[in-house]
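The structures come next, written out as structure tokens.
Shared between the two complexes below is subunit A, which pairs with subunit B and subunit C, respectively.
What follows is the complex of A and B.
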């Protein structure tokens, strides 16, 4: 028996309408443990080579880890994977909430969809009963609307994921929504479901998951909660959630502003965590078994409408807020809701919208393209762009391709300010004075995503060590200008972050309790042993992380024609245009420094000058392709 | 005055020489910024500073025995 696992893999061939269940393979569990490990291995092994992301043969994977759905706090993560519509390479995305837990209780550690349903459909999973049902009446409707209607049809106890109109229309940055506000936002994962004619998946599970030592798990689970609750970060984290760092990012000149033209605004107090609490928050909202509910359920009124919405999170504040110059928290919350309902990732949407507005300002796009004049700082403009994208109407058809493809088709050197890596749009951290963070974005397997590596604090520490710390402190004044951050020494910090973060995705937990709260790794080891009956050393988990990084790099070399070093560069704006104002005025990371960082990074990883993993490295990690 | 500092993991991951709790004695009123300087922490790296679960700034003056929680840079979601 595989303790800690439901024990089954569910396969649904939508073209053949064939449903099969097979035992979860012990070899897969032993080698890749769960979650993101299962996704990476399954995509590499099972995806037919060189198919397109929207080809029916693309597979859509749902996977949970051994800790998912247990007494261990914050074990509500669900992982999804597919060939990425954003990059054409490896893709995964995860979300909190309760969906994956319910899938595990229904009996499935992993679900693999392939093929394409003949007509719009949704999948119903009730323990052993699996049905592909007609969803014609839901097609074209918003994510929340469908979730609400399905709950009325099936029952409140069902956990539901949906896609919006954007996913149906194959927008390359469309997302999956769940629990009225949780999203698997990145890589265009929602469009993969849309390409398969799947509008939603509803699950209800009532089975047990075998636990090796339930008494020990109960004891360790309580100890873990107690330890977390006594940590310094425990009480400080929850009140504002991720929005609590908005002012900090602004003060250190890392808040993307006006399509990454600059990195600092004078209205941060209108869009920060305190503004959420004072002006729009209704209540806190958490995921499964979470002791630190960072979600903020809000109600926002604007001149064009009012809405309830979960959020906004920091990334949304940065990308739809400062990056599009929406300067009031209510406006950002409203744009957040529009994204959620239409089913687009707020991060990519913010980059695409700001790129479109800049193109309009430069006269490359016209009023006819949008049906109205558009501008930064205008909520109606942002909403209009989002609606056009989700319907693929007018210029929206081009923008729905994401900024990489859109800029290649538009020409006029618009690729210089198309802010992405590999085709995935950048997220909430401007990096022209943060070389470590920039390297993390550049080398992430799925494209520019902060969740793969987050070392901005180390960059700021490196910057501050160089100069004026004493003045800053003794003067107690606002920061006027930061010294240039150091490039030297960033590679080991980036590698450490890149290897630590997947550990939680593999186990099936949220990483915030470790990263932000400070829960020691021994708690993960103890709970893992109680759940599975197997010992786990944290250092071995980090080696598995490295293995997955290498496997995914090999996937990208296999699947993307001419893949190599050039795919790891940031957009030219970030190495050609110094930041024009704010704390980092005048700074950038020169191209020469980018080349040096990449060379050092590849060398440290055991990759060649194009970033291709070498045979010796792969063999040392037990990867035999 | 006894100042007890509780330091979050996100800050400890940057300052390897610090521990989760640190106590210092000061003999006059000092700002949080000055206290940070004493323990060698850059105020740029403390986006959230809490006293009795309430956020304060680096200009806040400490004039009695106090427990200060320092939370380092956190990633958004």
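What follows is the complex of A and C.
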């Protein structure tokens, strides 16, 4: 028996309407453990080479890890994978909530969809019973609307994921939504479901997950909750969640503003975590087994409407807020709701919308393109852009492709301020005085995503030794002017972050308990042993992370025709235009510095000058392609 | 003494259910727990936790007298229970639980595992 695992892989061929279940292979468990490890290995091995992301042959993977759904803090993450609509390369995205946990209780560690349903459908999973059902009446409807209706139809206890109209219309930054506010936002994962005619998946699972030593799990689990609750980060982090770092990011000149033109605003107090608590919060809303709920379910009133919505979390505040210059928390929350309901990622949407507004300001796009005049700081403009994108109407059809493709088609040097890497839009950290963070964005396998590497605190601290985020951000005093951050020494810090973060995605927990709260890795090792009956050495987990980084890099070389070094650069704005104002005024990371960082990074990874993993490195990691 | 939910404190994490299943059934399975959490979303956006208040209606309706009070707690004697589920139907809070793995229902036994683990201090044990 594989303790800690449900034990089955579920395969659904939507074209053939064929459902099969097979035993989870011990070899896969031994080599890749779970979650993101399963996703990476499965995509490399099973995806037919050189298909397009919206071809029926693309596969859609759902995977959990051995700690998913178990009695220890924050075991509610679900991992999804597919060939990325954003980049054409490797793609994965994860979300919190309760969905993956329920899949595991239904009996499945991994689910693999392929093919395309003939008509709009949803998948119903009730333990052993699997059905692909008609979803004609849900097609075209919003994410929350469908979740609410499916809960009424099936029962409150079902866990449901949905896509919105954007996913149906193959918007390349469509998300998956779940639990009225949790999203797998990145890489356009929602559009992969849309391309398969799948509107939703509903699951109910009531089986035991086999535990090697339940009494030890109960004992160690309790100890882990207690230890987490005693960390200073517990009380510091929980009340405001990720929104609590808004002022710090603004103070250190890292808050993306006006399509990354600058990095500081004078209205941070109107859009921060305190503004959420004081002005819009209804309740704290947590993921499965999480003692530190970062979800701030809210009700926001604006001049164009009012709504209930979870969030906004920090990334949304940065990308829809300062980056589009929405300067009141209610406006950001409303735009957040529109994104969720239409089914687009708030991060990418903020980049795309701000790029479109800048193009309009420069006279490249016109009033006819949008059906109205648009501007920064205007909620109606942002909502209009989001609606056009999700319906692919007017200029929305171009914008739905994401800023990389949209800028290539638009020309007029608009690629210079199209803020993405590899085709995936950037997220909430401006990096012109944060070279390590910039290198993290540049080299991430899925494109510009902070979840792959977060070392901004280290950059700000002068490339100091890595520490947890709470320690990094709570110690600093407010500085009006920051010195230029050092480029030297960032590579090992970036590598450390790139290898630490996947560890949690592999095991099946949220990383925040470790990263933000400061929970020690020993707790994960002890609980892992109680759950699986096997020893876990953290350093071995970091080697597995490195293996996955290399495997995914190989995937990108295989799947993207001219892949190499040129795919690892940030947009020109970030190395040509110094920041015009704020704490980092005058700073940028020069192109020459970027080249040096890349060269050092490739060398440290055992990759050649194009960033291609070398045979010796792959062999040392046990990758035999 | 019985369990009580303190309104508006729950954040929906279900850690209480995991603790309940581990203590009472030695399994990690929230569907085998004697508490139920209702999320009221999208509107008004809150959670309600349903817990047994040891009201005894289950004992009153049991046709074979399988539910008896021991101290403060009504307990189901599995050796007497015939699995008719009359108590499940009658429970005003719907917290006597049926599960396909068992022939007989189960209910809260006042073990307090949920109270001790709740990270939100949303549960208490009261007179």
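We take it that the second predicted complex is superposed on the first by the 609 of 625 C-alpha atoms of A that agree within 3 Å, B and C clash if a C-alpha of one lies under 4 Å from a C-alpha of the other, contacts with A are read in each partner's own complex, and residues count from 1 in each chain.
Note that in this section a residue touches a chain if its C-beta (ideal position, glycine included) is under 8 Å from a C-beta of that chain, and two chains touch if they have at least 3 such contacts.
Every value quoted in this text rests on a predicted model; they were computed, and no experiment measured them.
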{"item": "Subunit A as common anchor, with subunit B and subunit C clashing or fitting", "value": "fit"}
{"item": "First, second, both or neither for A:360, with subunit B first and subunit C second", "value": "neither"}
{"item": "Contacts of A:575 with subunit B and subunit C, given as first, second, both or neither", "value": "neither"}
{"item": "Contacts of A:523 with subunit B and subunit C, given as first, second, both or neither", "value": "neither"}
{"item": "Which of subunit B and subunit C A:138 touches, first, second, both or neither", "value": "neither"}
{"item": "Contacts of A:515 with subunit B and subunit C, given as first, second, both or neither", "value": "first"}
{"item": "Spatial angle subunit C-subunit A-subunit B, Cα centroids [nearest 10 degrees]", "value": "80"}
{"item": "Which of subunit B and subunit C A:218 touches, first, second, both or neither", "value": "second"}
{"item": "Which superposed partner A:244 touches (first subunit B, second subunit C, both, neither)", "value": "first"}
{"item": "Minimum Cα separation, subunit C to subunit B, after superposition on A (Å)", "value": "15"}
{"item": "Common ground on subunit A, meaning residues reached by subunit C in one complex and by subunit B in the other", "value": "none"}
{"item": "Residue numbers on subunit A that touch subunit C, as the complex places them", "value": "69-71, 98, 105, 144, 148, 156, 179-181, 205-209, 211, 214-215, 217-218, 221-222, 225, 229, 282-293, 295, 297-299, 308"}
{"item": "Subunit B residues touching subunit A - in the complex, by the definition given at the top", "value": "6-15, 20, 31, 33-34, 36-37, 42-45, 47-48, 50, 53, 55, 58-59, 69-77"}
{"item": "Contact footprint of subunit A on subunit C as seen in their complex", "value": "8, 11-15, 18-19, 22-23, 26-32, 38-39, 41-47, 99-101, 116-117, 119-120"}
{"item": "Complex interface listing, subunit A residues touching subunit B", "value": "231-233, 235-237, 241-245, 247-249, 251-252, 274, 294, 313-315, 317-318, 427-428, 450-451, 454, 456-458, 460-461, 464-465, 469-470, 472-474, 476, 479, 482, 514-519"}
